[in-house]
Each structure stands twice: as C-alpha cells, then as structure tokens.
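Multiple structures are listed underneath, in structure tokens.
The following pair of complexes shares a single chain, subunit A, combined with subunit B in the former and subunit C in the latter.
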Partner chain A sequence: MISIRIVKREPLPGWARILIPIAAIIVTLILSAIPILIAGGKLWKSYYFLFYGALGTRFNLLETFVKASPLIFTGLAVAFAFRAKFWNIGAEGQLLAGALAATWAGIYFTGVPGFMLLPIVMISGFLAGGLWASIPAILKTKLRVDDVVSTLLLNYVMIHIMGALLFGPLQQPGSSWPRSSEIIEAAKYPMLLSKSRFHLGIPLAFIAVLIILFINKKTIFGYQSKAVGVNIKAAHFGGINTTSVILLTALISGGLAGLAGVGELCAIQYRLIKDISPGYGYSGIVIAMLGNLHPVGVLFSSLFFSVIIVGAQTMSRMTGVPYYIAEVIQGMALMVMLVFLLFTEFRIRVLRK
Partner chain B sequence: MIGEILNIAFITGLIGATMRMATPIIFATIGEILVERSGVLNLGIEGIMLMGAMTGFLVTFISGSLWVGVLAAALVGMILALLMAFLSVFLGLSQHVSGLGITLFSSGLAMFIYRLHFGSPVIPPIVQPFTQVAIPLLSKIPVIGPGLFDQYMLTYIALLLIPLISIILYKTKIGLKIRTVGENPLAADTVGVNVNLTRTLCLVAGGALMGTGGAFLTLAHQNMFLIDVIGGRGWVSIAMVIFGNWDPLKGALGAIIFGFLDGLQLRLQGLGFRVAFDIFLMIPYLLTIVVLVGVSRKASVPAGLLKPYRREEKGG
Partner chain C sequence: MTENKEQPVVQMRSITKRFLDVTANRNINFDIFAGEICALLGENGAGKTTLMNILFGYYTCDQGEIFIKGEKADLSSPKDAIARGVGMIHQHFTLVPSQSVLENIIIGTDSGRGFFLDLRSARDRLLEIQKRFGLQIDPEARVWTLSVGQQQKVEILKSLYREVDILIMDEPTAVLAPSETVELFKTLKHLAEEGRSVVFISHKLNEVMEISDRIVVLREGEVAAERKTGKTDVRELANLMVGRDLLERIEKKRITPGEPVVEIEGLTALNDKGLEAVKNLKLLVRKKEILGVAGVSGNGQTELSEVLFGLREPVKGSIKIGGRLLRAGSPVSAINLGMGRIPEDRIETGLLMELTVEENFILENHVSPGFHRSGLLSFNKIHQFSDHLIRGYGIKTAGRDAAARSLSGGNLQKLILARELSGEPTLVVASQPTRGLDVGAMEYIHKRLLQEKERGAGVIVISEDLDEIFTLCDRIVVMYEGRIMGDVPIGEASREQIGLWMSGVRK
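For the complex of A and B:
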C-alpha cells in the first residue's frame, strides 16, 4: 500500500524565499487559463490584453500605480496586524472609517489655512481607521472576543454607519443620492504627473512601505509586535506588555487602512459614495499573504494585483471574459501561495508499505 | 404608532419574518458547528454560501426545478469544502487563511459564473421561488400558527436539523468520534479513529448545509441573485457558533434571535416608519458583537480547533 505523508524538510536557502512568490504568481497565471478557456476567451489574446491593459501605454501603466496605492495601504495594514497574530479582517471597515473622517474634515474644516488642511485630513483618516481597529483589539485583549469575528462584523457596522450618514447629515444638500458634497480644493491630493491620475497617495504608499519596514526591523516596538505574534505567552513572561503592543499594532494597522480610504476620497472620488472601495480591504488580506507579511513583499504583490485588476478591464472589453475573473485570479493566487509556502517547510513523502 | 406594532397581524407577520430570516443562518450555523466540533474553523462559509446562492439560482433557472437547484447548491458547498479540507486538513495549512482564501475565491467565482451566463442585464433575471407550505391544523393556531407553520419547506428542514445534528453529536458513536477528534485528536488517533478523514467528512457535510443556506436566499427569501445577497450572514453564523457555545440548539437559538432583529427591521420598514434604514440594518451586527462580549469569557472552544493534525514522522 502507498501512503502519502507530509514531513518537515531542511530549511530552504534565502534565494528560494524570493523565488517562491514569483513561482506562485507564474503558476497562478497558468491556472488562470482554466476560467479564461471556460469563458470562451482565446488564450493568448486574453493574456496579451491582460498585460497590455495594465502596462501597454503610459496612461495604463500609471493607472496600474493608481490602483496599487490603496492595495499597498490595505496590504500593509493586514500584514502588520497578522505579524502580531492580530487577525484584522476589518481593513475594509477601517478604510471606510478613514474615508468618512477625511470627508468630514475635507468639507467642514474650511477655516484652517490651505496648506494645513491636507495634513489634517490625512491625520483624521489615519486616526479614524486606527480607532476603529482598536475596538476589536480592546475586545480581544480585555474580553477575549475572537478578533476574526469582531473585525468582520465591524465592517458591516461601518458600512451601515456610512450609509446612515450619507442619507443623513453628510448627504449633499438637494441630492437624493447617498453621496456627500465635494471636498474643498485644498483637501484634494495634488496630481503629480500630467494627463493621468498619478497622485500624491502613490509615493505616500511607497513611503509607508519603508516606514513599516523600519518599524519592523529597527524599533523595539517592531520587535515586540513580532514577539507577540510568535508566542504571546513567552512575550508576556519576557516582560512585554502584550495588551499595549496589540493595541498599538491595531492602531497602526487600522490607520494604514484608513489612509487607503483617504487616498480614494481625496484623489479619485472627491466625494464620499457608498462604493468608494470595491473590496480593497479584503484584497489586502490576499496581498499580505502573497507578500509573506513582509512590507516589500506587500509592495510587489500589490503591483501584481493592480496589474490583474486594471488589465482585466481591458481583457474583459476585448475578449468578453467577465471582469470578475480578476477576483477569481486573486483567490487562486492566495491558495497557490499557501501551498507553495507550505513546501518551504515541508515536503511530501510517498511511503510504500 | 404603538397600536400598529402591537396588533395581531403585525406579530404574526413578525414571527413569520423571524423564521424566514433565521433559516439561512440556522443552516450555516449548524453546518459550522459540525465542522468546528471536529476541530476545523471554516471561514470559507461566507463564500460557500454565496456560491450556494448563485448555483441554486442558476441551476433552477436552467432546469426549472427548485429542488434540483437546492441539491446543486449543496453539492457545490461540498466541493468547496473538499478544497478547504485539502488545504487545511490534508496539507495542514492555517485554517484562518485557508478559509479566507476559499471565501475570496468562491466570491469571485460566483460573480464570474453568474456574469458568464447572464451577462450584465439591466433587469436581473428571476425564478419562480418556493412557496410556503401550510401544515394542516398547526397553521390554524391563532397568532403563532401562520407565522411558524406556514413556512417554506427549507425552513422546516432547518428546524428539523437542530435535533438531528444534536442527536448525532451527543447520542451516537459517530458523534463521539467527531467530538473526540475535535477535543483530542491524538487520543482519537490512538483508539483508531482516522482524524483527517473525520474532519474532511464533517467539512463536506457542513459545506452542504452552508450551500443550502445560501440557496434559501435566492430561491425562497428572494427570487434573484444579487452580489450582496449573503451580506455577512456567513460571518454572523460564525459568531452564532460562539454564542451557542458550539451547541446546535443554542446556536440555532442565536440564529433565531438574529432572524428576529432582521425581521423586525423588515417589518418596520414595511410599515413605512421613517427611521434611518441603515441604523436598523446595523443593529443585528452590533448586537451580535455585544452578545459575543457577554459569552466569550466562558466560551468552551473545542481544544483541537485550529490545530492541524500530523502524525509524528521521522525524516528518514
């Protein structure tokens, strides 16, 4: 009889850890052929338009960066939280909280000098997202409420808070749609390149990657946050105040997600609408995993995802394959990456008895 | 105003709406309890329900038979659960992440297949949905009769599942095996229970229930498929498992309380109350969190939950 076992393997060298995500992406792209073929798309034509749509022209390439910005923020948010084993599945709600606060500041803080408004808007968004994330962190540390469930449920609470405000106090006067007034000019992100939507939020996302990298590698808090994630009991006995570490981790994580919302509001929509996020918070989970919870990994997997999201629009238009293939590919990417990660630690053994 | 709320027609209607809104949550909660008692947390639930909702609708639309649609939804739930089993049981990957992966993948897949078949119609296609079946005599009981006993067949099935799964879990040998695998997989293995097979079978059975719960939403509660048809009901079910302390009866009770709040919100809207719609929609989620705060401290989580089981194996 033959039985299959999964057994520990020797640790892989460093270069393999970089090659693995790349291999996972290649395998995902190959597997994407299945839904493309089922949808009746011609294989090479579909792949061509997928990449042409994302990278083929200056405008498309810049659009890919525009899409990457919120994904980098939510990906960092999730990765930073997961590293401390704070299961923040609530980046979507935190993003909305950030957008909500930024809307409020961007409409009503007309009294502050112009150059100060944008920083205020961004800080409001960061704090709103961070505070919204600190609710499940407090529930987890003080009352032992499962963070997966509480962060998920709070997403729906935030969606409805936003809905109530958009039909209530924040609704544009005279409008019957659930949307706010436009934020004032000084609250908008500056556009950095002509004839495109390449805005301030894109370099900010790259800077955020560097900041999180710095926190992770060079600060005591970054070390403590990781220690809590590896073994919370050991961290506690080692003298780390685990409660405040988790709280601060949640605050930063939620704040990053909040900044994704600020960017979408202040650079893309200019007014709050219900559909301000097409699920960036959930994509952030996949991106964080695909990036192996490493900030630079998050950066590259966000770019990969925005290629898929932007490219899928062109592919859909040119080949008739439904646009939702982008989400199918995202889901497949996560599962492929999981399997690949497993085989960095384990290998399959076939036993004959 | 008070008179409008307290009249008998309103109460009867509210009982009916409660049971309707509770049905998908009961299916999903009981399915998840079965899975978690064997030691696996299935966060794929939200996506599996969406795939169930889409598949049930699509197959009914094509075949013209509602029950074929329900069966297809259950089958799709089982297939996705098998995928979950491959990742989290066979490969032993993180249950959190595998489950979320299943949800993301299934959500995308559901929309993809729907668009593939229907394109982007201006008016969403509809099916002739299930109709209520009145139970003779019982449905004639004043006030509660029409609410409780003039319901959809799937609602009756959901209610029957509560004692059925309770009996299986607590009174049968199979149930004992499941619970042992969930509490102490090593001990179960020692006495010859196949841990990973038991977990896989529980996942598959649970997946069927989750898929069916999703199908209820597109084939009975509504007659069309919309992208937000599940709207977090899978996550609510996960919360109900904790609320019910991993017991089918208590979990179903939680589902009915959620159904009551959801039904109340619907009925009050129906009466044209000028209350902010979204605030009402928020209440069930908010109360679920409040309830979790109350029960989480004394929760008795299955000891083997979240832990993949691998037999100790020497390298050579």
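For the complex of A and C:
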C-alpha cells in the first residue's frame, strides 16, 4: 500500500526563493498546454506565436513594456501594502482615482507653464490614489474595520463616482458618451522611442521598483512598516507609531496605483473613459503574490504577465486559439505559484508499506 | 518500580534526527517500561521534544529503529502511533474552543453508526473513563470556558479515550497553577499504578524529582545520563543537564538602595474585561534595589506590567520614573524615560520572530541618534551594535542575519535582555523573566539582573516563581486581587508568610 502525506519541511535556502518563481512559470506554461490543446491549437505553433507576439519584433517588444508599466505600478502598490499587512485589494479604485485627478488637472490646469504641468498631473494622480487608499487605512486603525472588505468595496464606490462624473461635469461637451475631453498636450507623457508607444511611464515604473526597494531596505520607514507587518503588537511595544506607519504605507501604496492610472490616461487614452483599466488593479494582486511581495519579483512577474497578454493576441490571430487563454494562463500562474509557496513550507512524503 | 530484566514497552534504538545542519538527536537509545513515570530532562534545545515527536510519528528519524510492545514500528504519522497506544500531549493544546468537551474527545474516532454520530455511547464511555481516573469535567462544557488546567485534562481524556497506554507529556506544568500541578501529578501517578507508562518532558528539576521513577537526561542531542530518581539529587541533575558545575548560589551583594527611581501612586487599571485589575496601588523602588512582585497569576501583575510598559492606559494614578511622569499608554514614553522592559509574553509582545536578530535589536533604538541619518538606517553602526550584543550576551545564533525564529527560548530571552539593557536603563521591569527557560539561561538572566542593580538601576521582578523572587530580590511585595497584600524586606521574609499573603490571608 502506498500512502501520501504532507509534512512540514525544513526552511529552504535563499537560492530556492529565486528558483521557485521561475519553476512556477515553467510549470504554468506546461499546464497551459492543456487548454491550448482543448481549444484546438497546435502546441508548438501556439507557444511560438505567444512569444513571438510579445518579443519577436521591435514593436511587439515595446508593446510588452507598454503593457507592463501599469502592472508594475499596481503590483508594487499591492506588494508594498501587503508587506505591512495592510490588505489593499483596492488598487483598482486607487488607479481610477489617480486617472480621475490627472484628467481634472490635465484639462483645467491650463494656466500653469507647460513644463510644470506634467509633474502637477502626476502628483495629483499620486495623491488622489493615496488619499483614496488612506480611507480604509483610517477605518482600519481607528475603528478596526476589516481592510480586505473596505478596500475592495471602495473600488465600486470609485467606479460609480467616476461614472457620475463622466456623465456629469467631466463629460466632453457635446458628446453623449461617458468620456471626458482630451487632456492638453503639455499634460501628455512624452514618447521616448519613435514609432512606438514606449512612453515616460515605463522608465518611471522601473524607477518606482528601485525606490520601493530602497525604502524597504534602507529607510527607517521601510523597517517600521516591515515590523508592523510582522508583529504589530511588538512594533507598538517597541515605540513605533503603528497608526502613522499604516497610514503612510496606504498613502504610498495608493499613490503607486494612482500613477498606474495617470500613465494609462496621459500616455495611452489621453481622455478618461469608463474602461480605462481592464482590471490592472486586480492583476496587481496576482502579480504581487507571484512576485513574492518583493519589488524585483513584482517587476519580473509584471513582465511575464504582459508577455502573456500581448503575445496571446498574436497567438489568437495566428492559431485561432481564443484570446481568453491569456487570462487562463494568468490564473494558472497564480495557482501554481501558491502551490509552490505551499511547498516551501511543506513537502509530500510517499510511503510504501 | 522498574526491573531492568522486564521487557520495555517501547525501545528506541540508535535514533538520529537532523534538521538541515543541526543534529537534534544523535544515536539515542531510550526505553520505556510499563507502569513507570519516566522523566526526560534537559535544557531547551537538548532534543527531548524531537525524540518524543519521533516516537509519536510526528517526525521520522533519519536513522534508528523503534519497537513498541515488541513489534518493530514504522510510524509515519501520529495516527500510527495512537493505533499502537502511544499518545502525546503537546504544550500547545489541539482543542476546538467552540466545541464541547465530548465533541473534542471524539474528533477523529469512529464513534457513530454509519452516517450518524453516536454521542450517547461515546458519552457513557467518557463518563466511565472519568470515573476511573477521577478526571471530573462536564462533557457538555464548551472548551473555551475551561481553564488551562481543565483543558489539559480534556487532552488527557482524549488520549485515554483512544486507549493510549504510553502517554507523553511535553512540559505539562509550564502552563499550570501550582494547585493544578498537584492534581496533574495525582492523575499521572494513578495512570502509572494502572500499568500505563508516562513520559514526562521537563526541565524543572524539583518537579522531575517529585513525579518520576526514572530520569533520562539529554544534553545536546545525546543521552547524558540515566538515574533512578531515588538515587540522585537536584544538584547532580542540574550539573548533568548543563554539563558543568552550576554556581552554588548566585552571589547577591548587599547594597544600600539610593534615591527612588520609580514612584507609583494611586494606580488603578482595568483588565481586558473592563474589571478593576489593579486597585489604588502604591509602590516605590529605589536605585540599587530589586523589588519582587509575587502573587498567584491573575491578581493584576500582568496589568501592572502592561501599564508600566505603556501598553495599557490606567484609569487613575501616576507613575514617575526618575522624577518624571510616565505618559499613560505610551511605550515611547517608557522607552524615553529609560525603562528596560522584559515582557512576560516574549514572542507575542517582545519579538519580531520573522525578522533577523539584528532587526530585533534595533526595534526600540533605530530612531535614536547614531543609528540613522536623515531617515536612512546607518547599517555600519547597526552591524557593530548587533555583533557587540551577540558577543556580550553570548547569544547562540548563526549571526546577526539569522531569523529570530531560529533561536532557542533561552537565546530569545537573552536577545530581549541585550536589547533592553543596552541603553543602561534607570529602571528595569522584568515580567516572568525566566518562565519556560532552562537552568543555564535562568542563571544567566538572574546574574544580569543583579549586575543591573549593582550598576545602579532599580529593578522590578514580577514573578510567580517564589524561588526566583527569593534568589533575586531585596524586598518582596505580594499582589492579591490588585492590591499589595504585604511588603517585606528579604531578610525578614518567610515562605509561609508570603504564601499566606498570596492566598489573601492577612495576619
């Protein structure tokens, strides 16, 4: 008789932490063969076009970066919050808040000098996202309202606020669509490479990764927010002002999500529309988990996701496999990663009797 | 009681167990005989619990064999062990708080007819077992309403219900009040008289002497010695456990206390249930004085320490440290007034177990000058500070970057001690400073607290361990129902008097 048991394992060495996400991605791709085959795709051809579509030409490669930019921001936002055990499920709403503030600044701040406008747009987007995230943080610290629920529900509040504004004061004059006027030229992100949409928001996302890494590793605040995340009681005992640490964490987290919204508005859409985000805020949660809440992990998992998203379009065109396979692969990646993380703590033992 | 010729019910042969590069058990031979209480004695980290977890099927050994009742046993899970009559009660109970005693006891057993539970016959059987062993608990009581001692009884009943005849108890008295311990010992002796075997894991020498028939001492993963309890004494056991001669008695210098370092006036504080736990308390501790706060647990000592630490806001009263008022409910104020704080719940309150040793060292002073510059941590200074503390306090760890989780209990307490004493506090408040620690660590912590007093600090030791209070303190107060029952210099204190005060009797 063979019996299978799950038992606790000894802690893994450091290199395993790097290897695990890579292994998870490989396993994901292997498992993804099943839905691809079911959909009638030829396996090698499908994978070929998946990667060719994302990386094969200059334009495709740059598009992959374009897609990665908002994902990096929302992934960072979630990872930074989760590290302090502020369960921010609301990056989607914070992204919209950021886009909304940027729209308002980008349309109405016509009086400021051109070179000043973009920084103002970005700062207002950051602050809007941050302030939106600080509502659940205040509710959590002052009234002990569960942050998972409040951050999630505030997403819907923001969707409806945005809808109301798009049918009201922000609606483009003369239009019957829920969309705003176009922001003025000086509020748009500069394009950095010709014949592509490679915009300012992409290097900014990479810089944000470095900044968060720096905050985490080097600053007093980074230490305090980690301490609060690990053991809030001990952090309080040690004299850390846990309330302000959580608030500042929420502000930064929401601000990062807000910048994702600013990027989509000022570099891609140029005007606020209801569908400005296809769920980047929710993808951010998956990306943060896939990246093990580490900034560099977030960077790579965002790039992986955008490869899948961008590549799946080409794959779908060339092989007839439906585009939705991209979402299946994303979901699969999360599940595989969660299973792999489980195996960092437990292992399976097979016994023969 | 045990004859060596008799066949042991459990034989563990050449057991070796490694965790990564640490060998927890090295080539251990260990027998258990029917009808005996065998104590497994050793310091924290000596490998006692690991060895018993192997017998319980919780771990598998890397090498070695186990024979239970003459049969070779391949234990791949606790279920296998229980099927062979081996039961183990861990320090942390595995009960479902919201369910009744009976429901907890039948969890995982086949007590039913087909699809339906058969609570009635289970209940009858439980009552019969209770009667036989004198373990009185209402089977319908919800577990969360029970005291820790009663919950332990439920665990024992759970084992007996499963017809366990080899019962392993991992430090069962650590969580018990003295009266509960007496009751537990009665139960264990009863079990042994019935021919069952009990393994009693402990590092408390007095208890081991009292309860066991035979003692096996483990040290650093190996069997250091085996003794008949009647043929050894506490001193020999202590030396065997630690592997060196312990100090005969900790030397306590007579020093005249100086000016007051802490003055508590009219302090009243509520507990978590909103009831008055500390009532109009007045205390004064001077420089170079160690004040012991004795008492049965639950008489307001925890709340008093929390108020001092800045974790609990009092409803009335004032606390002055070095003449300056402690801001109520502010840990920062306690730190800034120079209080070294050793919390009773070290892991929950005092430590960041997932973080490194170094990150634990700087918990309180990472904002003090020298450790940061314009918001950035100064790692060179912090590394120096950490290495200095690790060396200075002899903390056994792989280094400052090792996770606190990887440290043993004694070393975790040393870590807290190092952090709290590094700033040369004017007042040290230590709550249950050696609870759960082995002799070696206890001795070290006592020595350090005495050094603090000699340096000039005032020290408050809150402890339920009277031996500790008598070893360390210059003056003893006894807390009873939130008030000070009595206050006596150590020279005039007698255990009888203190005991009476602890039970609320005023002479």
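Rule of thumb we're sticking to: the second predicted complex is superposed on the first by the 344 of 353 C-alpha atoms of A that agree within 3 Å, B and C clash if a C-alpha of one lies under 4 Å from a C-alpha of the other, contacts with A are read in each partner's own complex, and residues count from 1 in each chain.
By definition in this document, contacts are C-beta pairs under 8 Å (C-beta built on N, C-alpha and C of every residue); 3 or more make two chains touch, one makes a residue touch a chain.
These numbers come from a predicted model, not from an experiment.
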After lining both complexes up on subunit A, report clash or fit for subunit B versus subunit C. clash
With both complexes superposed on chain A, which partner does A:A39 reach: first (subunit B), second (subunit C), both or neither? first
Using the touch definition from the top, say if A:L204 reaches subunit B (first), subunit C (second), both or neither. neither
Could you say whether A:L342 touches subunit B, subunit C, both of them, or neither, answering first, second, both or neither? first
For A:F237, select first, second, both or neither according to whether it touches subunit B, subunit C, the two together, or no partner. second
Going by the contact rule set out at the top, does A:Y156 touch subunit B (first), subunit C (second), both, or neither? first
Using the touch criterion from the header, give the chain among subunit B and subunit C with more contacted residues in subunit A. B
Once the shared chain is lined up, is A:L71 touching subunit B (first), subunit C (second), both, or neither of them? neither
Who does A:L293 touch here: subunit B (first), subunit C (second), both, or neither? neither
Just checking: does A:A133 make contact with subunit B only, subunit C only, both, or neither of them? Give me first, second, both or neither. neither
With the two complexes superposed on chain A, say which partner A:I212 touches: subunit B (first), subunit C (second), both, or neither. neither
With the two complexes overlaid, spot the stretch of subunit B among 91-99, 109-117, 181-189 or 199-207 whose C-alpha atoms clash with subunit C. 181-189
In subunit A, both subunit B and subunit C touch residues 5, 349
Quick one: which bits of subunit B touch subunit A in the complex? Just the residue numbers, please. 43, 83, 87, 90-94, 96-98, 100-102, 104-109, 111-112, 115-116, 231-232, 235-236, 238-239, 242, 276-279, 281-282, 285-286, 288-289, 292-293, 296-297, 299, 310-311, 313, 315
Using the touch definition up top, name the residues of subunit A that touch subunit C in the complex. 3, 5, 10-11, 218-221, 223-224, 226-227, 230-231, 233-241, 349, 351, 353
Subunit C - residues contacting subunit A, complex: 19-20, 60, 74, 76-77, 309, 311, 331-332, 335, 341, 343, 348-355, 359, 362-364, 366-367, 372, 375-377
Mind listing the subunit A positions that touch subunit B in their complex? 5-8, 35, 38-39, 87, 89, 139, 143-146, 148-150, 152-157, 160-164, 167-168, 282, 285-286, 289, 322-332, 334-335, 338-339, 342, 349
